[in-house]
Every structure is written in structure tokens, then in C-alpha cells.
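First the structure, in the form of C-alpha cells, and then the observations on it.
Order of writing sets the chain letters: A, B, C, D and E. Residues in each chain are counted from 1.
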Amino acid sequence: MSSNFLSWIVLIPLFSSILLGAMYLYSISVKKIADRYFTFFALLAPMASFFIGFLFFLGLLNGNGEYIYEPYTWLGVNGYIISMGFLGDKLSIFMVLFVTFIGSMIHIYASGYMKGDDGYGKFFSYFNLFMASMLLLVLANSPIIMFIGWEGVGLCSYLLIGFYFTEPLNVVAGNKAFIANRVGDLGFLVGIVYLFFYVGKLGFDYGALEDYVSIVPNHILVIIGISLFIGAMGKSAQIPLYVWLPDAMAGPTPVSALIHAATMVTAGVYMVARFHFLYDLIPHVGVFIAYIGAFSSLFAAIIAMKQTDIKKILAYSTISQLGYMFIAVGLGAYSTGLFHVFTHAFFKALLFMGAGAVIIALHHEQNIFKMGGLRKKIPLIYSVMLVGTLAISGIPPFSGFFSKDEVLLKAYNHNEYLIYGIGLFTAGLTAYYMFRLFFVTFEGKNYKERKMQNISWSMKAPLVILAIGAAFAGFVGFPKIFGGANLIDSWLEAWSGAPTHIEFSADIMLMSVSVLAGLIGISVAYFKFFKYDFNQDIKESGLVYNKFYIDEIIDFLIVRRMRDLSTFVAVVIDDGFIDKTVMSLSNGFINLGRRVGRMQSANTRAYAFFMLVGLSSFSIYLILKLGK
Amino acid sequence: MNIILISVVIVNIILALLFSLGAAPILVWVERRVAGFIQDRLGPNRCNIAGFRLGGLIQSFADMLKLVFKEDFRAGNIKERFIFRIAPVIVFVSAFLSFMVMPFADDLVIGTQTFIMQGLPLDFGVLWFLALAGLSVYGIILGGWSSNNKYSLLGSVRAGAQVISYEVSMTLALVSLLITYGSIHLVDIVNFQSGLIFGFIPAWGIIMQPVAAIIFIITSFAEANRTPFDIAEGESEIVGGYHTEYSAMKFGLFFVGEYVAMSASSALMVTLFFGGYNIPWVGTDTLKEHFDIVMIAIIVLLPLLSYKFGGWILKNNVWPKADDKRNNESKWLIRILVMMNIFVVLLLGSFLFFGVSATTTNIAVAIMQVATFAIKLLLMNFVFVWVRWTLPRFRYDQLQDLGWKVLLPISIANIFVTAIAIVAFGA
Amino acid sequence: MGIKIVPRYGKSLKDRLYLPAIFGGMKTTISHFTKNLIDTSNIKTECYPEMQPNDITDRYRGVHRLTHREDDSVRCVACFMCATACPADCIFIEAVERTDGMAEKMPAKFSIDLLECVFCGGCVEACPCDAIRMDTGIFTFIAEKREDFVLNKEQLLNNTARKEEN
Amino acid sequence: MDIIFLVLALLALFGATSTIMFSNTVHSALGFVVTVLALAGLYALLNATFLFMVQIIVYAGAIIALLLFVIMFLNIQQSHAPKEPNKYLLMLVSAIAIVPFDYLLFKAFYSMSFAGDANITTKDFGNIKMLGNELFKNWILPFEAISLLLLVALIGAVVLARKKERA
Amino acid sequence: MIEVSFMSYILLAIILFSIGIVGVISRKNIFIIYMSLELMLNSINLILVSLSRYFGSMDGQIIAMMVMAIAAAEAVVFLSLIVSLYRLKHSINIDDYNSLKQKGIL
């Protein structure tokens, strides 16, 4: 497998995107093109990428170390050289595989979900652009190139959140996502620039960075680490930059599934893992990251308990799960974090797509308290949703159990008992609110009967596939202590961090505790919501329901103050000071020019006379100067 | 020696005066008589002094006298008196001065001294001619302008435009000629033309440079304000052009100035294109070497020619009334002719018999060359007159068309061809 | 009505060069010149006044004359017909009674101003008794003063017919 | 020679002064002709025979003749001439203003401290052959450039003075 | 050869040049202004020719000749400009040629 095929992984979706865009423009401006042609090109791209990625995977399996492909120099200024480089090592190929796989599934799903939409071609053009950006992010061989992909996915996220831009709320949500991401991106950029200042001259691909990062002073490394993590915060929706993610659910459900659950939001995790050589040198920053992750996890879980919108619940659950991932990567267990990314991608995509199917079936109804009793109507959806819910709740043997347990195990093993405790509690909360959602949606009594919309097989088939994945993906990381081979750990050996030292019995005990927490959550939910009466009023108030008024606080603290500052600058400084100065200066020149302009009388002889006077004065000066 | 120098200079100046000023009455007479003969009439032949009318030549002198003694009238609307007065002078003087550089004969060697036979011994004669031809237009322009009269002003505008237009072509034609001759010294030019090409054709300018010759002749007509280019006068359109308001000797100066300019143009044409003072096939050196043969030839030829001329006089110079004193003229003329023949033959015979000194030979050759020059000049002037009484006047736009669209391109092309030929075949 | 455009001829090279035509014209003039120069008797010019014109016809209207009767007295009866007919008013007549019985009147003075006369012959046509005629054949009349150009009765009577002279 | 120079110089000054003094354009042009001819004479005194002729042919024969032609062609009457009430005052002022510059210029030339008399020159100095040799050997490029300039001026003049064709 | 002092020529040229400048400034008649300009060119030519004579080098004369050629070209263009200007303005007063004058746009 020649390494230059790495670029094709990125280029195929990119070309597909351009082609689809051109077709879409042709379609809307000249002649309508049937959806099936869009579908064909749209589905071809991620599958082809997956295929190529799989070939690389096989190559790596056969013992090749890593693939590096640098087609040309992207920038070259005075010895600072940045190549357009692609890196295909075990981490990135791992990411490529699941991104393209999940992407392919969601593409198939979306082809059913979006059927008949006016922006069908546009949607897939954006989708493939997102795929290209994400794959570029993953495959980049230097932080700068990664940043291109980083910004690209941000752009696609914005475009897709505001896909139905005729609705003002969607546009606001898109803007919110974009701005929150900008804050994070600034941090990321600051980190890159700092890094570049110190080691840029020596080479700026990951190999060189890994070799030379030790020359950077430690306090600078801390700044770099925190700055990069701020970027990760923005992208992966951690405290305090998580606020955009729930609002991002305004986009079509496949978007939520692909971008805001499975792939893009994990970019932060991937980035931290990619910079593991840096974070290894500053473990206390890692702990800080872990705490941030833990609190994000808890916070989001608490908010999710009271939400009524099915997609928002899932969004908060995503934030919560991302918190788990950051716990892992913060504590140096990158492979564990990535394992959770992997499993989470399956079950969260499954959940979102299931939710999407429900929404479609109910004619775009998203409030769970207006659903109920759907078990008999859509049994297939019911069963796959059950798999997903069980997986996220951490019930063995579903995939969530293995990865979440591994995260908790790492926390425990690092003697971060607070984090462990939070994680455990959150696991229970997760089980509670997920089953709350599940029971309210599919069970209950006194629910309203309503006509269901048929769900096409193009939506169902990926659900089934993903359900299988959600159910059994965890066995890829089957813990060693049960005699299994943790394939993730062995595959991502370089990222597995410090080995765990724990007794078998302790491990069993920890697992049991977490399973127990999950079961407690499930049982509480069961008693509370299995027989939920839909006739009762829904309480839509309270601190938790209003998300701790975080949005309002931010609005008051930052947005209003910013607006006041802007007003002050605009009115006082700009109008009162700068404009006045500049205008008075220019008016002065105009007045001066008007006065001087009177000399421009168009009287040639007057000009000649001025010249003569000048000549004469100059001559007198010279005579006096030269003297004698 | 100084006496010789002064006398040669004086002779030169007198010759120049003779050929220019003295030629004027003759030219007036020629013009009238030729016009008469061309139109099958006689022309003036009546005026006489003691019976001598010299074929009507006396009439010219009578006219001159009339102009001199006529009232010098100036119309009341003429405000620019000074300019009005000076304009004919400019015309006359510039025409007269332009004649002064014509070589009348080859360099005259007396003893050890060499004299250039020119009124003004300048070695850039062609340029001098051009300069003064340019200046002469001032007279016409100012005369017309100061007359304060619309016809006069039109005449002077026409003259100005015409001179400016045609001077260009004239200069360019001259340039090609100068390339051929390799000198601007008129004596050099004439000496160049004393050679032969192909062994039997005189190397005259008109044969070397026919195109330049034609252009130069045409533009000379324009410069001299002669028909067919005399639109500045244009009496059929603008009364009399620039000299409408002039009378008496002021008009006389214009009148004479025109003939002097014509004479000067002829002289330059003769010098440039017709071998100057050279007798065809006989160069200066040949003349000097074989002076004996020349003298014998003259002794033989002169009586023969005189005999023919006498016969012509007897036949044509008659007066209808038998008792008039004019009938005696032919008799006296033949007597003078015979006397002159006898004198010349005796003189030349004595030269033959006793032999001649080099100085005498030189002087005699110079005299012969001056005579040749005079004859050629007269013939050229005759051509001027001949053309005047043959061709009609140009229209103004035709004139400018001819100048700018025909003569100018042709003269430039001629320079080009000449230069190529010189480069290709050598000078 | 359109404008008729008359084509200009002479578009051939020879015509456009003009020089052949010019030389042709000059040939014509020089042939006249040489012919006349060699023998001036070819020219028909007469050297007046030495040579008087000899081809004046009978009908030539020269200077006037008054005719005589048989007895050499004036034939004119002073009827003023000629003065009336004269377009130039150049005839001045003073009548007087005639005593010899030949007629009732006769002119006392009869003068003609030749400077004003246009030699139209109107007076001759108008005269009822053939008293005035213009057959003298005098085609030029020379005088030194203006007054001398006014011919009086005696001068007019003295003029004679040309035919009679020959 | 002294007398000739003096006469010519006085003529030149006279002509120049009358050029700027006369209110009538034609009179001014005549004054300028006098100056030009006097300068031509000075060139002749300075052995520049070719320039002497060129000065007469080009300046007197062509440029000013053209100027006079244009004046007459436009038929500019004396009544068309601009009113210049302050003429003499302006002349006085500008003449005073120019004095320092003249002084400076004169001093500059004076301080070149020329030797008593000029270099001995050959007899044919300034004649056409010498000038031509110099011109076509060392100055050929400027010469060609001048020819180009003249061509451009010719075309430009035709374009400028042409009457606008009707639509 | 030069009996007259060299400085006499220079002085004459300077005076002519000054007269030219005075003419340009004091007159309104555009023809006279043009002649004043030509006068300045002529005075420069005089200096060039006299320097050429003094130093025994032909360069001055050649430059003077070039100046004359340029003056001829200038004359042609100038006069054609005058012709079209006169057709436009019917004036030879230089103060009337002020179409580009600022008409208070500010």
C-alpha cells in the first residue's frame, strides 16, 4: 500500500463534495437532477475512504510502522517549512476506520432521512465536505494542517446546524456554535503558535515535535497544553464551552448523529491523544483536564435528567460521555479514552439515529412527553434503542460497559478517588436519564394515539448494523484480567499510558459497583417512568430544567458586558475621539486645500510668476550663501 | 595683387548685378515678346531711342522709368506704414541676395592667386539659397497683411502656406541631389557635372537625378511665385493678391523682385541640373589645353552665326513705313555686328599668331564660361516664361495636394533610392 | 431629381502623371513661338497707325456727318427726331426759322458729343429726311481736349462719306 | 569684429525687447525675426556656419513664417488682442525679480575663469563636414530620436488641428 | 580669433533669456508668450554655440541643432493647438484658457 493513497482518503470526499455542489447548483439553476444520482456519489465517497483506510489498516497489521506522505511544501518561509503532510499511524488509521464506517452508516441513514428534501444535494455536499475535513484533521501530519481540518469541521458544523436557515432559531444556534468554537479555536491557535515559536525551526510534523518538545521550557509547555485543551474544550463541548452543543441539535438528525455525537466532538479527544508526548510531560495539566471532564460529565448528566427534548437529552448525554473520555485522556490513558470514543460512536450514533427514526415516525415531534407507547408501533426501533440505552448505561455485556468501566478503573488506579466517585455517580445518573427517555418514549399509559409515518429500510438497515456494533464492540477491548486480549490497548500500545496495577478481585469489585450504579439508575427510572401517565402536567421549570441558567449567566456576564463595552467604544471612543480627531484633521486639510486651491487660478502666468519668485529667492539664497 | 583681387570682386558683383538686376528688364521684354509670339501676335516693338528699339527692349526701360516717376500712392486704410514700405524691399533684397552665390565660372587663376567667381564666396551656396528663399516670403506675407485688405490678406496667407509647403519638398529634393554630388559647395557641384557618364553623356544633374530635377523645378516655380503656382497674385480670383494696394516703385520692387527670384531660381537650376557654366563635353581643363582649337572654332563659327543672325534681322526687323527712322536700325545693327565680328576675329587671330599667356587664357576661358552660364540662364528663364504662357493656374487645394501628397512622398522616396544606390555602388 | 454625377476622365497612369499632357501643351506653344520667331510676317498684326485698316465695310458706323442738299445747304430740318431717339442724349440742336423756302426750319447749332455717343445708329434710323449718316468710315477720332470731342454743325457738314473718297 | 558683434548684439536686444513690448502680434513676430537673424549672425561670428544657415532656414524661414501664417489664417485682428493694462508694471516687477538669477548665472560663468582667449581652432571648425562627421558618429542615437520626435510632432499636429468630422 | 570677450556672448545670452522670462510673465497674448519661450531657447543656443567655439568641441553646436529641431517640432504642435483652441474659445488671451480651473467643488 503506497503511502500516497493517504491523500485519496481525504480527496475522495472532497471531490465528491465539489461534484455534488456543482450538481446541486446545476440542479437548482438549470435542470432538476434526480436524487438517486446524488445518493450514488454521496455514498460512494465515505465507502471508498473506508475501503482505502481498511487497506492501510491491513498494512499496519502486517507490521508496517507508519505511513507518511508529503506531496508538497505548503509554506516555506526563511527556513520554516510546513509540508502538506499526511500521517498514517495506528492512531489515525484507527480514527479513520471508525469515522468512515460510522460515516458510511449515517450516510445511508441520511439518504433515507433526507429523502424529498429540497436541499438534498446540498446536504450531501456539506456532509462529504465534513468527511473530508474530519479525515484531514485525523490524517494531518502537523498541527497546522490539522488546524485546517479543525476549522473545516467547524465550518461544516455551522453550515449543517443552520441547514434550514429560513428558521431564525437555527441560524442563532449555528452562530452560537460557531462563536463558541471560535473561542476554543483561538486557544488552539495560541497553543500552536507557541509551539511553533519554540520548535518550529526544527520541523513541525509530529515526529519532529515528539523529538524536540523536550527543549520547550516547562512553564511554556503548561501554557501550550492548556491552550490546546481550550481548543479541545470548544470542539468537544466541555465546561465552560459546552453551551453550543445542545443548541446544535437544531440541525437535521443525521448531522447530530455524525457530527455532534460520533465524530467531530471527539476531535478534542483525538487531539489530546495526538499530543500525548506533550501532555506526558505535564501530568498536572492532565489531572486538570480530567477534573474538567469529570465535572462536565456530572453537570451534563444532571441537566439531562430534566430535559424533555429527546435530542437535547442525547446531546447532554454526549457532553457527559465526552467528559468520561477526557477523564481518561487527562489521566494519560489515551487508549482507554479512544476506546470510549470508539464504543460511544456506535451507541450514540445508534441512539441518535433511533431518535431520528422516532422523530420521523411522529412527524417531527421531539418532546418525549408527547410520545409514549411506541414499542408496539415500531418494534425494530424499540429493540435497537434498547440495545443503545443498555450500552450507554454500562450494563454488561454491551459495549458501553467495557469502555466506561475501563475509564473508571483508570481513575481509581490513579488514586483520583474524587473523579472516580463523580464518574460512578454519573454512571448511575446516566442510566437513570437514559431509561427515563426510553420508558417515556416507548412505554407509559394514557398516551395519545397517533398516525405513524413509515420508516424506510435505508434508515433501518444502518440501525441494525450499529445495534450489532453497540452490542458487541466492547469485546474489542475485552479486559485482560478476564483473559481477553485488549485489542485496543495492544493496537494503540504507544498511547496506553501507564499500565494498570490492580488486583483481579478489586477489579471485579469496581465493575460490580459500577454495574450496580447503573442498575440503581435503571430501577429508579423504571419505577418512576415505566407506567408514566401522560395526562399529568409536565413540570417545565426549576434550576435543572433551565440548565442552571448557564446561558442566562453567560448572557449577563459576558454578552451584555461585551455589548456595553462595544457601545462604549463605538459611541465614546470611536465617535467622540477617533472620528472627531480624524475628521477635524481632514477638515483642516480641506480648509487648507481650499485656501491653497485659490492659488490654482488656472492662470498660467501666475504659475510662471510663482516659479520666477521661487527662482529668484533661491538665487538670492545662493548668492548670500556662497558670498563674495 | 590687391588691385586684381578688388577688381575680380568688383567684376563678380557687377556680374551678379547684371544677371539679376540687369536681367529684369530683359526678362520683362522676353516675357512680353514670347507671350506675343506664343499667342501669334507681336508684342511691344514700337518704343525707340533714336530709332533703336532692339526688338522692343526699350519698352521695358520706359516702363521702369514710368514706375520710378509715378506717384507713390498709399490708400488711407493702410495703417502699418513701415511694414507696408519695407515689404517690397524684403522681397527684392532677398531675391537679389540669393543670386549672389551662383558661380559664374570656374575658379579663376590669375598669377598665383585663385578667385572664386561668385558674388559672395560662400561654400554653402545651396543653403544660402534656401535661407533667402524662406526669407523672401516675409515680404509677401507682410505686404499682404499691411495692406489691410481682404484680398491682400488672402494672397499673403496663400503665399505663406505655399512657401512652407513647397520648401519642404524642395529641400528634400536637394538632399538627394547633395547625396549624389557629395558636396554643398556649388563650384564642386558644377565641376562634378563636367564629367561624362558612359563616355558620351554629360553628367548633368538632370540625367543623374531626373526625379529630383523635376521636383526641384516644380518647387522652384512655386518658390518664385510663377505660374502655374502664382495663386498669391491670382488676379482672376483675388484682384492682385498681396500687391493689390501697391503702386509706383513699391510695386516696381515687387515686380522686379519676382523676376530676380525667377532668375535666381533659373541660375540655381542651371547650376544644379544643367552643368552650370560648363560647356557640354568641354571641361575647363580641356578648354585651357586646347585653347587654340577653340579660338579657331570661334573664328570660323562666329561669322557664320552672325551671317545667319544678320539675315534674320534683315528679314524680320522691318518697319512698315519707309520714311521712319526706325528703318535705319537694321542697317546699324548689321554694321555693329560686322564690327564686332571683325574685332573678335582680329583679337583671336592676334592671339593665335602671337600666342597667349596663361592668365589671358584663364580670363578668356572664364569669359567663355560666363557667356555659357548666361546663355543657359536665359534659356532657363525662357522655360519659365514658356511654362507661364502654357499652363493654367492651379486651384488652391490642388496646389496643397500636389505639394504634400505627391511631391513630398516622391522626394522622400527619391532620397531613399539615392541613398541605397550610393551605398550599393559607391559615390 | 437626382444629381447627375459626371465622371472625370483621365484615370490612366499617363493622364494622372500630368507630365505628358504638360509637355504636349508646351510643344504646341513652342511650335507657335518658333514659327513666329523665324518669320514675323506670319503674324497678322497690323502696325497701326502706320498701317491703316483696309477692311472696313460699308455698313461700319463711324463718326456722324450731316448731309447736304443739292445746293450744299443743310438737309436737316431741325425736327429733333434724332435727339429724341438718342439713348445717350448726345445730340444738341438749336432750331431757327428757315428763310430760303426750302423748308420751315433749319438748325442753328447742331452738335454731337462723341465722348457720350454710343454709336448705336439710332439717330440715322430716326431721321425722316436722311439728314444724318454714319458712313464716314472714321473709326478713331483723336483730340487733345475734351471740348474738341464735341463736333459742331460745320465739322459735321465737312465730314464726307468714305466711299466718295475712294 | 568688435563692431560687428556690437551691432548684432544691439539688434538682438532691440528685437527681443520689441518682441515683448509691442501689443500687435505681427510686430512682435517681426521683432523676433530681427533677433533670430542677429543671432544667426552671431553664430556666423562664432564659426558655426551650418548653424547660421539652419537658424535662418528653420527659425526665420519656417517657424516664424508658420507663426505669421497662423496669425493670418485665424485672422486675428488687433481688436482680438487681449487687454493688458498692467503690462509695463508686470514687466518691471518680473525684470526686478529676475535680476538675482541673472547675477548668479553670470557669476557662475565668470567663475569658470576662462583663459584669455579660446582654443585655437582649425579653419574648417564648424563647417558642415565636421558637424556631419560628429553627428553621425557620436550622436547618431539622439539624431534618430529627433527624427522620431519630428514624426510624432507631425502626426500630432495633423490630429490636433484637424476639423472634427461630422458625426 | 575671438576678439570679443567670451563673456560678452554669455552676457548677451543671459539678457535675452531674462527678456524671454519677462515676456512670458508679463504678456497675455499667447503668441507673444510662445515667442518669448523661443527666445529663451535661442539664448541657450547662443551659450551652447559660444561654449562650443570656446572649447573647440562640436558637441555644443550639435546640441544647439537638436534644440532647433525640437523647437521646430514644438512650433508645429503649439500652433496646431492654438488653431484648435482658437476655434474653441475665439481668443488668444492665455487667461481665457482656464477650462481646467477648479470651480469650487469642495
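We take it that contacts are C-beta pairs under 8 Å (C-beta built on N, C-alpha and C of every residue); 3 or more make two chains touch, one makes a residue touch a chain.
This structure is a prediction, so every number in the text was calculated from the model and none was measured.
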item: Minimal step count in the chain contact network, chain C to chain D; value: 2
item: Chain pair, A-D or A-E, that carries the greater number of C-beta contacts; value: A-E
item: Chain nearest the overall Cα centroid; value: E
item: Far-end chain from chain A, centres as C-alpha averages; value: C
item: Gap in Å, rounded to a whole number, between the CA centres of chain E and chain A; value: 80
item: Geometric centre distance via CA averages, chain E-chain B, whole Å; value: 39
item: Geometric centre distance via CA averages, chain C-chain A, whole Å; value: 132
item: Rounded Å distance, chain B centre to chain C centre (Cα mean); value: 45
item: Chain A, residues touching no fewer than two other chains; value: 609, 612
item: Multi-chain contact residues (two or more partners), chain D; value: 50, 54, 62, 66, 73, 94, 98-99, 101
item: Residues within chain C bordering two or more other chains; value: none
item: Inter-chain touch pairs (all); value: A-D, A-E, B-C, B-D, D-E
item: Parts of chain D lying in touch with chain B, wherever the complex brings them together; value: 26-27, 30, 33, 49-50, 53-54, 56-57, 60-62, 65-66, 68-69, 72-73, 75, 127-128
item: Chain C contact footprint on chain B (complex, rising order); value: 34, 36-42, 46, 214, 312, 315-316, 319-321, 324, 386-387, 389-391
item: Of chain E, residues touching chain A in the complex; value: 21, 24-28, 33, 94-95, 97-102, 106
item: Of chain A, residues touching chain E in the complex; value: 590, 593-594, 597, 600-605, 608-609, 612
item: Footprint of chain D on chain A - complex, ascending; value: 609, 612-613, 615-616, 619-620, 622-623
